[in-house]
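Once you scroll down, you'll see the structures, which are given as structure tokens.
Here come two complexes built around chain A, the first alongside chain B, the second alongside chain C.
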Partner chain A sequence: MTPARTRRDAFPVNWTARALWLALVVYCVYAAQILQITWSRFVIGMDQGATFLARMWPPNFGPQKLDLIIQGMLESLQIAFLSTAAGILLALPLGLLAARNLMPSPVCWGARGLIALCRTFHPVIVSILFVKAVGFGALAGVLALVVATLGFVGKLFAEAIEEISMKQVEAVRATGASFASVLIMAVVPQVMARFVGFGIYQLDSNLRNSTMVGIVGGGGIGATLFTAYQRFDYDVVLAILIVIIALILLFELISTQIRKVFQ
Partner chain B sequence: MSSPNSLPAGPAGKEVRRWTRFTPAERVGRSLVYLAAVIAIIWSVKTIEVIPEFLYDAPAQTLDLFARMWPFDWAFWPKVVDGLIETLHTATLGTILSIILAVPIALLAARNITRSVALNSIAHVLLVSSRSVNSLIWALLFVAIFGPGALAGTLAIAFRSIGFVGKLLAEAIEEAQKGPIEALTAAGAPPFAILTKGYWPQVEPSFWSVALFRWDINVRESAVLGLVGAGGIGVALDAAINNLYWDQAGLVLATIFAVIVATEIVTSSIRSRIIQ
Partner chain C sequence: MNMQPDAAAAADRSLVIRNLTKEYRAGQPVLKGISVTIEGRGVTAIIGPSGTGKSTLIRCINRLVDPTAGEILFQGSDLAKLSGVELRQARRRIGMVFQEYNLVERLSVIENLLCGRLGYVPWWRTLTRRFPDEDVAHAFELLDAVGLGDFATRRADALSGGQRQRVGIARAIMQNPDVILADEPTSSLDPKTSVEIMEILDRLAGERGIPVVVNIHNVDLAKRFASRIIGMARGTIAFDGPPDALTEAHLIDIYGGEGWLE
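Up next, the complex of A and B:
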């Protein structure tokens, strides 16, 4: 026997929420149908996946392959370092131009438009265009990631500069300082720590992306990976994936240390 | 900056304390980081392989590229639309799937829910692995398993997003206030009820903002998955580029651009309306 209800239900049923969850499920079924995702395909794939995994294991770290992997990885590192350095160098002035508190609004909107344009396209698409423009190889990858860096770091720089306290700026201006001095003495000290943080974050992200631009001809470990994949050398693919994950884990440890230094 | 002599003398027998911005350890640390950065850049510039011959005609090639893209080949439009619909569904379904997969891992990774360092670390390694492997590489693997098509793309999007969604969800769960949880525990609520009535209301806002943010990213990512055969508008782009039909490629790029601008408008309006 249920006791008579003496107090209101603490957790009443939310019918709107339930209807929304139901709609979500219906959408999933509908979308799966559009994409021709069926259970039978999934089961066949599982079979296929077992053979695939069997061919991947054990990872092939043979001396010849290891040489290729190391070369590809070093090229990926080069791409990541150069694109981050060049990208940040270009993003500094661009971010400054896009800061609404320091720049007149037409300049600002122009710079913001450029930043938005850089952010719109995925690095892979940008690298396809650069591969056409400057040919296969690491340079196309570097240029593509410079564009990605400009879009991301430029936006963050602009936002960081917009958040600074204007008191210092006014104080330095009141001394009759030139615009360059205002920047160096009043703006840079306030944003430097955050800039270093953005730089490290972007280096991390460029390192991840540099493993991918090779798939479309932009150089680095991605090219090695794609070749191994196309030759069905799945054990080499696994070896490369392990190296990529290890490198990124290592870099994450290093970047936490760097962040601590700049706290 | 000023020499020690110019400082006023302190009380006899006491050392004069001078203010410095950084401790010596900090200064050494910073210099080391700067030094490492400079070495890394110099090493990269010196050893990177660039073929200078390719650079001479780069401006001409770029102009040629844009000249060939215009005017667009509108006969290609039906294929572009089909690909576009597939891309949007891939992104959405992939995001939903990634959330379903990421929630258990996030619960394992949250130190206030799973009180076992071993399980926490396993969950963290899973999250980092998911994020380290690029979506295009995930797509390669799934195309090898499930064959070309949107199924591989959806799974690639889902597996790539687990790391991102899981990490942010775990952080949100760890930031939850203890009060409601303790009240529920004291009332004798079962563990599942503690999750749904104690944690969920606190985590919900960041949950939706993470989901929305990831969907925005996934629309961009799923547009390129077709380059490795994982379905969507990228297949049309790949075909156009391989056939050197740059007028078709231009149409695809313009469509992707328009869709991304549209998703950005949609997500920012939803964010300002619901989450804030």
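Up next, the complex of A and C:
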């Protein structure tokens, strides 16, 4: 009896996976060393953080400041809605063109290339580009977020369309329906609920992003926030952060309700 | 609308298939030069084992599958060569019933019926659901005829299999087609519902003089409803004749083996 030999191995060792995990750990240690991230550096950072936090409290909701904050927030809100609406309108055809089950492959690759391009750069970088291209203000912010929306939602739309049941499409096609009618009666009903979900998600994400584009000159609350930082008005910074958190939470509640309508 | 077919109309509803070949992979034909004429009346059942090309044959007719070679003559044109607008116009005259019903699940029952009119209604009217009044009236009539009058505004995914297939049949009839193709319409249903579905298909098509070509696994159902049986095996036609002429020897030739016949 040699159990070690006769017993079949139920859990064979995957040496490649182990090697990859090891490589990951080694690289992380190496990167921390290069960047001189050490425990003592971290402790110094914590000290500074405590001072910073102390200077933030209490938040400054003085009438003048509040007026600035509200104006900035309203502008951010407008940037978010405009860019989401325009971005989704553009993403609808782009997502369709990128869907491999409905479009010939050259068209798909073109559309997918455009989507990939929109997704390549972080909205901050795109914002900087648009601020330089069209000048300071909300327009640059809107355009930057339209690009972000196009890249993200376009890709999700294409994937949603690729996951539809082709049997339903086939049946409608077999009645002699035109391509437009097939889209309306066989494709849209299958993807509508998901599209609404993506749209709401993107609006949510654009709300967050719209508070950021102002930092690089794209309009909205970000500009106010940045000014407050530069003037060391940390109590105003905290006030702004609280308002942003409140808005995001409020929208979270609203979006849950909207989703329930489109099932 | 429910005119009895005269001889001319019946001739107009016939299908002539010549040397139809389909290869999904080059050199491996699923259909090996099928030639058959289907007269424009009654129910023609195509029986045969799975994978022998029954579905492919039926799908070549309305070009859900593109044939590799051959002709399908219908109302003066060769369906095998049509494309674009001409193909869509030909498809309007051909109703289809599917094994898995293929209803648009998230549309209501009545919307699914009206899908049968999409070849005639421009897309912008489809978008706002402004279908012609007579189409909507006809849809309600048909819904009553298949016993689903109370289900008009239910979503299709709320229906049972048998109910869905009734909607599938009604959708095909909505087209006012000159032929109905049914691809295993009862294979996903229980035996009792299968008979009911075949009865509805037979009755609705018969009343309107629409010929039906039906792929069917169940030999008994085929014999019961069809006036002509075509047995397919190995990508060719192995039997063609009235149900009475179909013998055990034929079935053994079509399906192979014989243990299953006992």
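Side notes on the structure shown:
FYI, the second predicted complex is superposed on the first by the 234 of 263 C-alpha atoms of A that agree within 3 Å, B and C clash if a C-alpha of one lies under 4 Å from a C-alpha of the other, contacts with A are read in each partner's own complex, and residues count from 1 in each chain.
The working rule: contacts are C-beta pairs under 8 Å (C-beta built on N, C-alpha and C of every residue); 3 or more make two chains touch, one makes a residue touch a chain.
Predicted, not measured: the structure shown is a model, and the values here were computed from it.
By the touch criterion defined above, A:Ile128 lies against chain B but remains apart from chain C after alignment on the C-alpha atoms of chain A.
By the touch criterion defined above, A:Ser105 lies against neither chain B nor chain C after alignment on the C-alpha atoms of chain A.
By the document's definition of touching, of the two partners only chain B reaches A:Ile245; chain C does not. In the superposed model, A:Gln168 makes contact with chain C only, not with chain B. In the superposition on chain A, A:Gln64 contacts neither chain B nor chain C.
Legend: residue contacts after superposition of the two complexes on their common chain; A:Leu139 is shown touching chain B, with no touch to chain C. In the superposition on chain A, A:Met192 contacts chain C only, with no contact to chain B.
After overlaying the two complexes on the shared chain, residue contacts for A:Met212 are found with chain B alone; chain C is out of touch. In the superposed model, A:Ala180 makes contact with chain C only, not with chain B.
For chain A, the partner touching the most residues, choosing from chain B and chain C, is B. Chain A uses no single residue to touch chain B in one structure and chain C in the other. Interface residues of chain C, counted against chain A in their complex, comprise 62, 64, 88-96, 98, 100, 102-107, 111, 115-119, 121, 123, 126-127, 168, 171, 175. The residues of chain A lying in touch with chain B in their complex are 11, 24, 27-28, 31-32, 34-37, 41-42, 45, 48-49, 52, 74-75, 77-79, 81-82, 85, 120-122, 124-125, 128-129, 132-135, 137-139, 142, 208-209, 211-212, 215-216, 219, 222, 225-226, 229, 234, 237, 241, 244-245, 248-249, 252, 258, 261-262. On the side of chain A, the complex with chain C involves touching residues 165, 167-168, 170-178, 180-182, 184-186, 189-190, 192-193. Chain B makes touch with chain A in their complex at residues 26, 29-30, 32-33, 37, 40-41, 43-45, 47-51, 54-55, 58, 61-62, 65, 85-86, 89-90, 92-93, 96, 128-129, 131-134, 136-137, 140-141, 144-147, 149-151, 154, 197, 220-221, 223-224, 227-228, 231, 237, 241, 253, 256-257, 260-261.
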